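Starting off with a structure, shown below.
Residue numbering begins at 1 within each chain, and the chains themselves are lettered A, B, C and D in the order written.
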Amino acid sequence: MNVFGNSLKIILFGKSHEKYVGITLDGLPAGFKIDEESIAKYLNYRRPKPIINTSRVEEDEFEIIGGFNGFTDGAPLTILIKNKDVKSSDYDELFLKPRPGHADYPAYIKYKGFNDYRGGGQFSGRMTAPIVAAGGLLAPILENVGIRCYSRVVSIGEIKDSEEYTLEQLERRYENDLRVLSSGAYEKMMEKILAVRREGDSIGGVVETVISGLPVGLGEPFFYSLESGISALAFSIPGIKGIEFGDGFQGTLLRGSEFNDQLYLENSGKIKLKSNHSGGINGGLSNGNPVVFRVAVRPTSSIPKPQNTVNMKEMSNEILRIKGRHDPCIVPRVVPIMESVANIAITDFLLTFNGGELIGKN
Amino acid sequence: MNVFGNSLKIILFGKSHEKYVGITLDGLPAGFKIDEESIAKYLNYRRPKPIINTSRVEEDEFEIIGGFNGFTDGAPLTILIKNKDVKSSDYDELFLKPRPGHADYPAYIKYKGFNDYRGGGQFSGRMTAPIVAAGGLLAPILENVGIRCYSRVVSIGEIKDSEEYTLEQLERRYENDLRVLSSGAYEKMMEKILAVRREGDSIGGVVETVISGLPVGLGEPFFYSLESGISALAFSIPGIKGIEFGDGFQGTLLRGSEFNDQLYLENSGKIKLKSNHSGGINGGLSNGNPVVFRVAVRPTSSIPKPQNTVNMKEMSNEILRIKGRHDPCIVPRVVPIMESVANIAITDFLLTFNGGELIGKN
Amino acid sequence: MNVFGNSLKIILFGKSHEKYVGITLDGLPAGFKIDEESIAKYLNYRRPKPIINTSRVEEDEFEIIGGFNGFTDGAPLTILIKNKDVKSSDYDELFLKPRPGHADYPAYIKYKGFNDYRGGGQFSGRMTAPIVAAGGLLAPILENVGIRCYSRVVSIGEIKDSEEYTLEQLERRYENDLRVLSSGAYEKMMEKILAVRREGDSIGGVVETVISGLPVGLGEPFFYSLESGISALAFSIPGIKGIEFGDGFQGTLLRGSEFNDQLYLENSGKIKLKSNHSGGINGGLSNGNPVVFRVAVRPTSSIPKPQNTVNMKEMSNEILRIKGRHDPCIVPRVVPIMESVANIAITDFLLTFNGGELIGKN
Amino acid sequence: MNVFGNSLKIILFGKSHEKYVGITLDGLPAGFKIDEESIAKYLNYRRPKPIINTSRVEEDEFEIIGGFNGFTDGAPLTILIKNKDVKSSDYDELFLKPRPGHADYPAYIKYKGFNDYRGGGQFSGRMTAPIVAAGGLLAPILENVGIRCYSRVVSIGEIKDSEEYTLEQLERRYENDLRVLSSGAYEKMMEKILAVRREGDSIGGVVETVISGLPVGLGEPFFYSLESGISALAFSIPGIKGIEFGDGFQGTLLRGSEFNDQLYLENSGKIKLKSNHSGGINGGLSNGNPVVFRVAVRPTSSIPKPQNTVNMKEMSNEILRIKGRHDPCIVPRVVPIMESVANIAITDFLLTFNGGELIGKN
């Protein structure tokens, strides 16, 4: 199901080994500036980094079908991204030998053997490129109304970044390849990733996203709560196995009197909350605090280490040795993806809420 | 946004202090037996238990508008549940003094003061009664095709149930009021809840759900992955702040070689997985293992302890003392709710996938 | 499929011989006055009229679940309408002998015999009562922003009302039971209906709807054009077999130079159109003219005259004599229904277009 | 709103003067053969014919992103169609002088001047090319389960084709450029079109579609009745101003006893209907008869004759003389478009109804 959203609909298409992957955005109001540099920047954030990632070089040339004179024009906008560096032969032998941790096995059953297994087909991480392109398109539109989405790596395996951070640090999150805020954490994480890589293995981690500048009352009761919309989109991303808002699972250890974010009147006369245990959301609606969520990124499925699998044609047990290029750690690449997830979800919520007032609508 | 689902749509209506809360199911195929006893049973599971919960007695009389001769008939089916024991006056003074942790403040801003604040209005936990009624309706329909959803409490605050369990224990999950499997955990949890209650405070916990019997390949790529659909519905439930599938956040500490669920051929000739770190889901599709997910339930928002808030009319700081009946711990009540969430989501996935084959479709 | 709409969703439930028929409106902004008198008035417009219609007396007591202090509150609003005067026995023998012109035969096949055949079940004209209730709720909300939907009978069989009319005549459209503007047409039509009735037969006609006061640019390109939205809803109504906008089928006889509505500048400085052949819509968007559409209402299916049918159990040919009360002409009753269709569709378009500006949105 | 459908979603993108127009199909089951020749054939049917149409030569090179080894694979399938012969300068002067009968004026207001006016932008008839490509893709898939959609011209202006026809004639409908069945009508229509062309004017007509081979019970009650789904899609097509099913508007002149399609048992033991006044649909569901509908195609908006309009910048009255290439009659080109509308709508209905049984579903 490749359509998502209420007022802004995104539609994902293409596959890992097609000529293109792409995304269509339907429902963007006319009059927003189309910032191609921002799209390129986000796609670049997502590109693999030489030391820690696969050697596949994805240049991500993109082409925009839509807009007029540099602005959105009320018509749908499609971004096509060329798939360049495709080596289908790497995957040929995998067809009947499903890779553990991948969609290979259930997809084969679901689609009765017709699925495009090359590079994981439509289940490939490559499908996140158009999502990031959309995120890059929307980021300056949101920034223009004072909303910013910042993601960052908070842990790689057991190594954690410091919990304290400043806004200035968030702004510089892309300055290192691990998208981590403290240099101490950076070094330990890099060391760990390289060690894991040497073992032919992979490692996971946690990515945190902070959304600032939201109006109070964003989100819809029940089935399109802020948490529902963000989580539905976040779990579309391959490798995400958990999401929590505010204190999340740790919050189950607190008492209500500790968890409740109490209200008070600022000197300025504004209503504020004394804490942010609920991650900026009450009853599915934004409460004026930054929205904070974390996602659990499982260790990369494709690993060079030999693994048990079956040959689905011969119906025999097999040992699988995956060749080709693989990432020992995709966690840093999830950072621009989660930022894009946030940008897309928030734009849809804004267009659904108080439409004309904040962001404009046709 | 009170409509959810693709092939099966559920629509939630009513409010805490209306005459009814209700739910409409649209898209149920004709020919399913309507088991009113199962609905009553689920509603009873959700009722507050004398010691640990509020004294509000919700008898949950319900009325079905739909079906014919005891079977679904292709038309929508609506369940009306009477709201009986309503004391609006308890809430009157709260209108302009938002309760910390509740939707009161963002709802007031969003709806410009027109929102029904009585008992939390549409943001009330009362809205989960129709969801549980729908869960009770669907449970025997799923059971009929071999699918079972079991939820249970795995922790209250820092007290955990044993991680090992048998299917037989799951079947008996409603035999104690805490919906916990080991009697050791039961006693410690009950003690903790009573202590918290004496302090005028509240406590959270974690509820786990296991779904057995799913066909391989259930779920849709990307935006309607099993995780996306289940999480969107789970986060509709008041008080849920996190969800994880399989190893979830703990899984970020593993290596890929540990996390990957390797495949092998059973003696019977069936393809099986050696472990279940991914919680029965790869690439958004069921892989034949039980689907396992856990949700974080925040400590109940409404507590007798005095809290800081503001008077939104006077724009002054206030101390709030919430009167009336309140639950020190809603975690056990979340058990039938999460089972219902699973029942609803899985039915929708089944009707979307291979429609006619497994569950039938008109 | 009982859910319709984009920003405003309506959900229809109940059946002809259930305790209730009902409708839920989800997505209405908070702050609209709930005018119960208007709902009652519309339901009354829809009631059968003594001479021309069946003797079934439907009092249409309704109950509103939703709203707060007389205003919409952002939560869904449900209207329950009691089904009173139900004689199921009239229909019992029809179950296996499908009535020509009704859904009986395809519904039996589709639902494998599980469908509720009593009174046509969910295919009954009775399901239009909640649609009219919703129309009555929305009419004053639209009127408040200057939008009015007027329907009227333009023909019964071959008898036509005059084509010229004044706004004042439209305002008085409910003053006679045939909802026709000229008294000459009224008399001829009534005579015709009574003659048809005496023959045990039925007759159809055409209903025209005029929507005034729309902003320019309402409607969405392509799949939610004004025509698409209105026609999808209009064809939900039992008995509607055609719809045309502006000159419609007659317009195919004109030249482009005659059909095109040319633009000019009024003395006031406003852009106006010289004619209204396109029925107020260009490219799916409103152009400032009144939107005008006509629907073809087939002659009522249920007639006392004997008809050929089959006994689906015995698989034998049969002669069917339908007993009970039947309308020789439902065309006048379609008038408030089409007005309600227009009210619902236009409210949804308004909430989708420039949301905050015209009608407000939460 | 460029997304349509329930189980099969189509998404339209691009504009008249972009590099591409395109369509994405999401929800096609895996395992259908992708017949590129059929797509090419349909696109060719839609191409303008030398004598009667504009001289714009649209070669309609297309590219498929999707499928695997020549079959659908469960992933979305996108068709890109190159826009070649684009002369934007023709349209430059029209920007502030809206063409009567076009979306120019309401689109300018709706999109606050940001809309892409070149060639009508997203309101262009060019957008029907991807719809026809989708129709061409689906035609053989439907044919494979015995379903055929045939459209033909039944009238141009006041000139009508004969009402009687054979299946064999329908099969040969594309053998003449007017897509008319009788050679007598062909000559008169061609003469009329050429006469209208000489006058610098245009002419409309009526296109009829017959769908054979549908299972009984296709369609959904109320809001997704066969009529609702087909009409919503048909009215997306520029220039369509009316639709009627079966006897439609003429049927309002009949008595119920004439209009009702009575049932009988064929010698073969099958249930049949004696007539087809209701166009194969009762209560929104197919009844086993061919589904028959007609659409009214307004005379082409763009005509060389001078017309009144306004200059929206200067706010002055103007005389407009549209240059460039224009069709005096688009009715024959609507034939493959309506066939495609039928193919798309019927595929979606089939995937929604009894999914697995007839057409298969993943």
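By definition in this document, a residue touches a chain if its C-beta (ideal position, glycine included) is under 8 Å from a C-beta of that chain, and two chains touch if they have at least 3 such contacts.
Remember, predicted model here, so these are calculated numbers, not experimental data.
> In contact with chain C and with chain D at once: which chains are those? Just list them.
Chains that touch both chain C and chain D, as defined above, are A, B.
> I want to compare two interfaces, A-B and B-D. Which one has more contacting C-beta pairs?
Counting C-beta pairs in contact for A-B and B-D gives the edge to A-B.
> Where the centres are mean C-alpha positions, what is the separation of chain B from chain D, in Å?
46
> Taking each chain's centre as the mean of its CA atoms, how far is chain B from chain C in angstrom?
So the centre of chain B lies 39 Å away from the centre of chain C.
> Measure off the straight-line distance from the CA centroid of chain A to the CA centroid of chain B, and report it in whole Å.
Distance between chain centres, rounded to whole Å: 26 Å.
> Hunt down the residues of chain A that sit against at least two other chains at once, touch-wise.
Touching at least two other chains: 1-3, 12, 74-75, 107, 110-111, 122, 217, 221, 352-353, 362.
> Which residues of chain C touch chain D in the complex?
Within the complex, chain C touches chain D at residues 1-4, 6, 12, 98, 100-107, 109-111, 120, 122-123, 127, 155, 157-158, 196, 199, 201-206, 216-225, 227-229, 231-233, 235-236, 238, 240-249, 251-265, 269, 271, 273-274, 277-279, 282-288, 296-303, 305, 307-310, 312, 315-317, 352-353.
> Can you check the complex and tell me which residues of chain C touch chain B?
Result: residues 1-3, 9, 11-15, 18-20, 22, 24, 26-27, 30-31, 63, 65-68, 71-78, 107, 110-112, 114-116, 118, 121-122, 362 of chain C touch chain B.
> Of all residues in chain D, which touch chain B in the complex?
Residue positions touching the partner: 7, 74-75, 217, 221, 352-357, 361-362.
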